[in-house]
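The same subunit A turns up in both complexes below, where it pairs with subunit B and then with subunit C.
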Partner chain A sequence: MKPASFDYAPVETLGAALSALSAQGAKPLAGGQSLAPTMNLRLVRPRVLVDVKALPGMREVTETAAGLRLGAAVTHAEIEDGAVPDVTCGFMAHVARGIAYRAVRNRGTIGGSLCHADPAADWPSCMVALGATMIAAGPGGERRIAARDWMRAPFVTALAPGEMLLAVEIPRLPPGSRWGYAKINRKVGEFASALGIALPGVMVAGAIEAPPALLHAIEGIPPLAAVAVTRAVAMRDA
Partner chain B sequence: MIALTVNGEERRLDTPARTHLADALRDGCGLTGTHIGCEQGVCGACTVLVDGKPARSCLLYAHEAAGKPVTTIEGLDDDPVAEALRAAFSRHHALQCGYCTPGMMVTARDIVLRLGAVDEARIREELAGNLCRCTGYRGIVRAIAEVAANRPAAPAAAPRREAPKVAAPAQAPAPAVELPNRIEHRETLSVPLPAAWAILSDPAKVAACLPGAVLTRHEGALLEGRFTASLGPISASFAGQGEWACGEHAGSVRGRGRDGANAAEGMVEFSLSPAAQGSVLDVVLSWRLTGPLAQFSRPALLRGLVAGLADQFARNLERSARGEAPAKRLSIWALIRAWLTRR
Partner chain C sequence: MQPKGLAEGVGAPVLRKEDGRFLRGRGRYVGDIAYPGMREVAFLRSPVAHGLIRSVTKPRGYEAQVFTWDDLTGVQPIRAPSALPGFRKSDQYPLAHGRVRQVGEPIAMVMAASRAEAEDIAELIELDIEELPAATDMLAHRAGPPIFDGWPDNVVLQALVDDDISDVQAPIVVRRSLRTARQHMAPMEGRGVVVRWDERLNQLEMHTSSQMVHVTKTGLAECLGLPEASVRIIAPDVGGGFGYKGILLQEEVAMGWLAQRLGGVALRWIEDRREALSGQANCREHHYDIAVHADHDGRILAIDCEAHVDSGAYSAYPFSACLEAAQIGSILPGPYIVPRFRCRTWSVATNKPPILPYRGVARTGVCYALETTLDAVARKAGISPVELRLRNLPGPEAMPYVNITKKIFDSGDYPEAMRRAAEAIDAAGFPARQAAARAEGRLIGLGFAVFCEQGAHGTSVYHGWGIPFVPGAEAAQARLTPDGGLEIRVGVQNHGQGMETTLAQVAHEMLGIPLSRIQIVHGDTAMTPYSTGTWGSRSAVMAGGAVGDACALLRERVLAIGAHLLQAEAVEYRDGAIHAGGASVTVAEIARVFHRAPQQLPPAMQTMSLEVTHGHKTERDTGTFSYAAHAVEAELDAATGQVKLLRYLIVEDGGVLLNPLVADGQVLGGTAQGIGTALYEEMPYDAAGQPLASTFVDYLLPGAGEVPDIEILHMETPSPISRFGQKGIGESGAIGPPAAIVNAINDAIAHLGREVTDIPATPERILAALA
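On to the complex of A and B.
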């Protein structure tokens, strides 16, 4: 299908972006790899698409002793290819390679995926496991949101109306850290039916019809998620 | 007016913002080598190069591509890798109807250039985003493997670690039902059974308590109305008809409705039983959904929506039984609260 009519508004400054996003029916566009399918199916009909991917800082990558700050418009393919520094002992590159398909990963962005907040997507669960922090900007300035407070419900984030995501801060895993990742889906690249993540001292179940769950034990989650987390733990501890 | 650079040539197009790149290439530039399949990023037939990298031209609006080099299958005529792939595709019978071929070629070229000599398993993984409706994958994989084998292997990447297989916990098989999706939900009501039943047995009062529901006609067993629900940015408003049946502290509504191309058929069965403090409402919702919404949505996501709606319905019913006006607006925060508290 073709999308409903909308206005396309590319913006070059944060001020212009926030002003455009304050309009009724405005929606930010980054890679569009989740948004465009829903628009083409006419499930989402924004009045204005505010293209934020060329804003200053959106593709900036900064490595510090504490970790890595990734601009929201860094693509999955860039993470897959190691074009950004690795602070997670290969974990994020491994995850990125399993997201959708290469043609989608070339355009899809980490920030867009987090803002779309599909529970079956990879990054929202990974950010909870890594203890990442979202950097959001709005009319009131910047604020920091912990990953575990990010997804409020499927497709709903902690962003207030008019706010947008600028960057993600990912804490560095200790060198040599072991991790496990299990994504259960019907076919490579499809939406996950269950996600299991095991990092040092951390277990997360994702794609559980709800925001990702930090676990103390493998219990109280759907059976398939329990399988995914069990596999992830076995992979970490192998 | 936008300026596209397609296969090295500048093309000026007057096209609305909603035109995706695939349509702009086919209709605006006359380059019909780019094929359109699903228009939702799944089939890969429309894959072209944008900035030299494969991209879905259905998931990229033409205005976004302005100023970026775009290469279509027509632009790969003189490309040496594409030439080798064409010959290999021909040798290995890697196309039947040819519909997927332009997208396959663009993806195959990317596999060869980016990964070099790779094994068949990796080729199949990389091809997962390109569907061949003739299912002729064997020939396609062999053709790519042959061309890739003549190239140096990419810098040795560490072998990809895989999570080990573990046995799934045993689950009872789902019962065969006429309506394929089913959710059971229980709500505890703070009002006694007679007061709750006085509301539940009246469709008008039920509609008044159910956020998003509007009852426009109620004659005997026949109901007509509209139901609107939202999940994040996605919202659907179904208008339709139903039949109402009511027994001893139990009843059902069976209905069908449409929202544009989406069609839904569903049944709500409810029963009320007494409890020490108030009463207990059991609801079974079963439904079938067809159209774009069904293509997109995973039924699992609706479980949360239903839980949120049931919670709001129950609180509204309690308010109504106490003679207060129900909160009619579908509050996303109430849905979120239901999500957060249900585990």
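On to the complex of A and C.
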């Protein structure tokens, strides 16, 4: 199927982007790896696509003592390849490597993934586990949203209409930190049927058809998620 | 005929001639063909599984771009009646007429400058359909309500292989109810059509992604009321068929009608994945109630089976709605010595896409049903699955072996294939491996499947199965060009089988002309001899035999001319030249003289054409029987229900291999598809007949990560009935995996008293079996 008719708006400044996004039916376009398929199926019919990939700051990477700020348009492949600094003891590169397959990773972005907010996706759960912070921009300026408040429901984020994601701030894990990641899926490169994440002092269950869950104990979650978290913990503690 | 062992002849592992263009992305598929001013077509398809069409209203302003059945004057519906007695006929309209019977059934055809615009217009069509209850389950809805007016129930055909086995006294009787899921064949390239009316030739010229251009031509001419001379079908490169393209399409008929009215403007429709998945999941859905009776030693005494095939809504052209059920009744006994056999089959019409024969056809289901049940018999008899099979397979001394359903196994050593597979996978050491794994809390299992594949079976067999297009002899044309090159024209289609190479190897074997100078022409009704096309594992044997026969006749003529030119009586044909004593003349020189200097030849020789068309049949048309033993070691994750294939090994006897690399490629590709059938691929429908997978997110195909390294060991027992001793093996790989893999799974959990019965063996099914 072909998408319904739409306009394409390349923009050069954040201001132009935000004003374009204020129009009815406008939607940001990042890597297009989730948006384009849904448009082709005519499940979404944006009137105008505002291409935000090339906006200033969107591909910027800044390392500080506290951590790393990743522009929203940094790709999965760049994280996989170590083209951005590693502040998570290899955790994010490992996760990136398991997302889809290379062609998708070359185009797909961390910001696009977070904004798509598919509960079965990898980054939304990882950001909760890492205690990341989303930097959003809107007509009223910038604001910070904690990762655990980000996904409100499957495919629904905390972004207000007209807002967009600029960057993600990822706190640095202490050097030598151990982590565990268990993605249970049917085949290589598929979305997860269950995600388990174990970082120092943190457990998260993902892909539970609801926003990712920060856990104190492995209970009250679907059985497969419990398997995933148990395996992640075992990997971390091995 | 014994192959001579030439470097480019039969049996040589030469690289495929066609791969150069494929690997460089220079293949040419229907989607690559364009004409100036070409229009794009989209189809409005039924959103419901069953309903009465109250009205279809064309959007205002677009009346001339939208077509429904009422517009298609002079067009006949597609009819594929089986000749089997009792078959209930149905008409498949190119565009729905009065009633829709499956999601995805085309209702209206829309033409526009681009596909996107055509889809926009299609969205504007107002459809008023009164939904009817859908028949979605072959067991629950066999009795009705009938989906065709005038039918008492939904049985397309009931058949019985009648043997009253009530007198069989068996100490071991194992009964199983087993189900195989409905699948979609998913070739890399979907279907596609580019068609236009050629005013000069007074001919409809259609490019379509087909595995049987001549059959399509005949069917299309019939539906459109055109003489066959006014239809030309061209299949350029075809990116996979597997049975999905062995069909006359509703889209072809509807577009063929429209193209005749456009004065030469071309039309194009390229199927997209969503219309393929949601409207064309059309294969494999079987249900078996099977009982195997055996003695204490595990020797089979009788097989008793009631099987259902979900045939879907219509009888697809040309294979009909009943081919699979007819096959079940004749091939269920598999490769074994089965003294008694009773089998009742039902082909049931449902509100799903019409069934098509997918690689392996009914064999995949039949092998699954029998082989998993036999493992249960082995467990009950307390013998190993290997031993059980060895006790029931006919030995080489029994060949040719005529089994209970009168199948004639032409040659081979079936027990030896079983033994080699067991040895290569170290079946003897497996119990220790399994015990060690269990001690670590891991579940591993070993599974086998043995089967035979009838290939290249001809007139008598297919006549018996009732299909409306019975294959006869296969023809090939060999044409020596003035420069000494050779053109081979065949009516079969090469859509991944490597035939541009293997058929050239056959020609080289016969004539010694270098492979690089042999051109295989196929895929065009205007350029090739009539043929029923590529299917039924027939091309290597039938087209290979035909090329051999045509080249043998050509060779006689070349020899005669050569003898004249050398003025010799005793001549010898060697290395592409004719020799007499110390003198010789090359084939190229003979071709030059014949075509360009005929004055050198006596008149009788001048009229001896160097183009030979000849038909080939095998010595008996009951088919070649290749066979194989698949062996799998698998690990089961009891917490997630996931299966990992640790080792996959195949012992295959395809007779004399025309090219072992090509044979391996066929087996590997088929095995990947068989792994899909075993573990991944399934098209579920809800109670309303809505397909629940419409993209590859939901319809899982195995990828590189899911297919292990597959080890293939060859046996090469020549077939006594084919030209070079070759056998058909094109479907083989896709037959064994579900049985072998599920046997491995069941072996891993047998100590828990558990078994998997339905495929694909998804994590959910495995967890349910373990629960």
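To be clear about the criterion, the second predicted complex is superposed on the first by the 238 of 238 C-alpha atoms of A that agree within 3 Å, B and C clash if a C-alpha of one lies under 4 Å from a C-alpha of the other, contacts with A are read in each partner's own complex, and residues count from 1 in each chain.
Basically, contacts are C-beta pairs under 8 Å (C-beta built on N, C-alpha and C of every residue); 3 or more make two chains touch, one makes a residue touch a chain.
It should be emphasised that the depicted structure is a prediction, and the values quoted were computed from it without experimental measurement.
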{"item": "Most subunit A residues touched (candidates subunit B, subunit C)", "value": "B"}
{"item": "First (subunit B), second (subunit C), both or neither touched by A:19", "value": "neither"}
{"item": "First, second, both or neither for A:177, with subunit B first and subunit C second", "value": "neither"}
{"item": "Contacts of A:103 with subunit B and subunit C, given as first, second, both or neither", "value": "first"}
{"item": "First (subunit B), second (subunit C), both or neither touched by A:1", "value": "both"}
{"item": "Subunit B versus subunit C as contact partner of A:186, first or second or both or neither", "value": "second"}
{"item": "First (subunit B), second (subunit C), both or neither touched by A:211", "value": "first"}
{"item": "Contacts on subunit A seen with subunit B and repeated with subunit C across the two complexes", "value": "1-5, 37, 41-42, 187-189, 191, 224, 227"}
{"item": "In the complex, subunit C residues that touch subunit A", "value": "114-116, 119-120, 272, 274-275, 639-640, 642, 680, 695, 697, 700, 702-706, 762-763"}
{"item": "Interface residues, subunit A side, partner subunit B - complex", "value": "1-8, 10, 27, 29, 32-33, 36-38, 40-44, 46, 49, 51, 77, 90, 94, 97, 100-104, 106-107, 117, 119-120, 152-156, 180-182, 187-189, 191, 196, 209-211, 213, 220, 223-224, 226-228, 230-232, 234-235, 238"}
{"item": "Residue numbers on subunit B that touch subunit A, as the complex places them", "value": "16-18, 20, 23, 39-41, 44, 47, 50, 53-56, 58-61, 63-64, 107, 110, 125-126, 128-130, 158, 160-166, 168-169, 171, 231-234, 236, 260-261, 292-293, 295-296, 298, 300-301, 303-304, 308, 332, 335-336, 339-340, 342-343"}
{"item": "Residue ranges of subunit A in contact with subunit C within the complex", "value": "1-5, 37, 41-42, 184, 186-191, 193, 224, 227"}
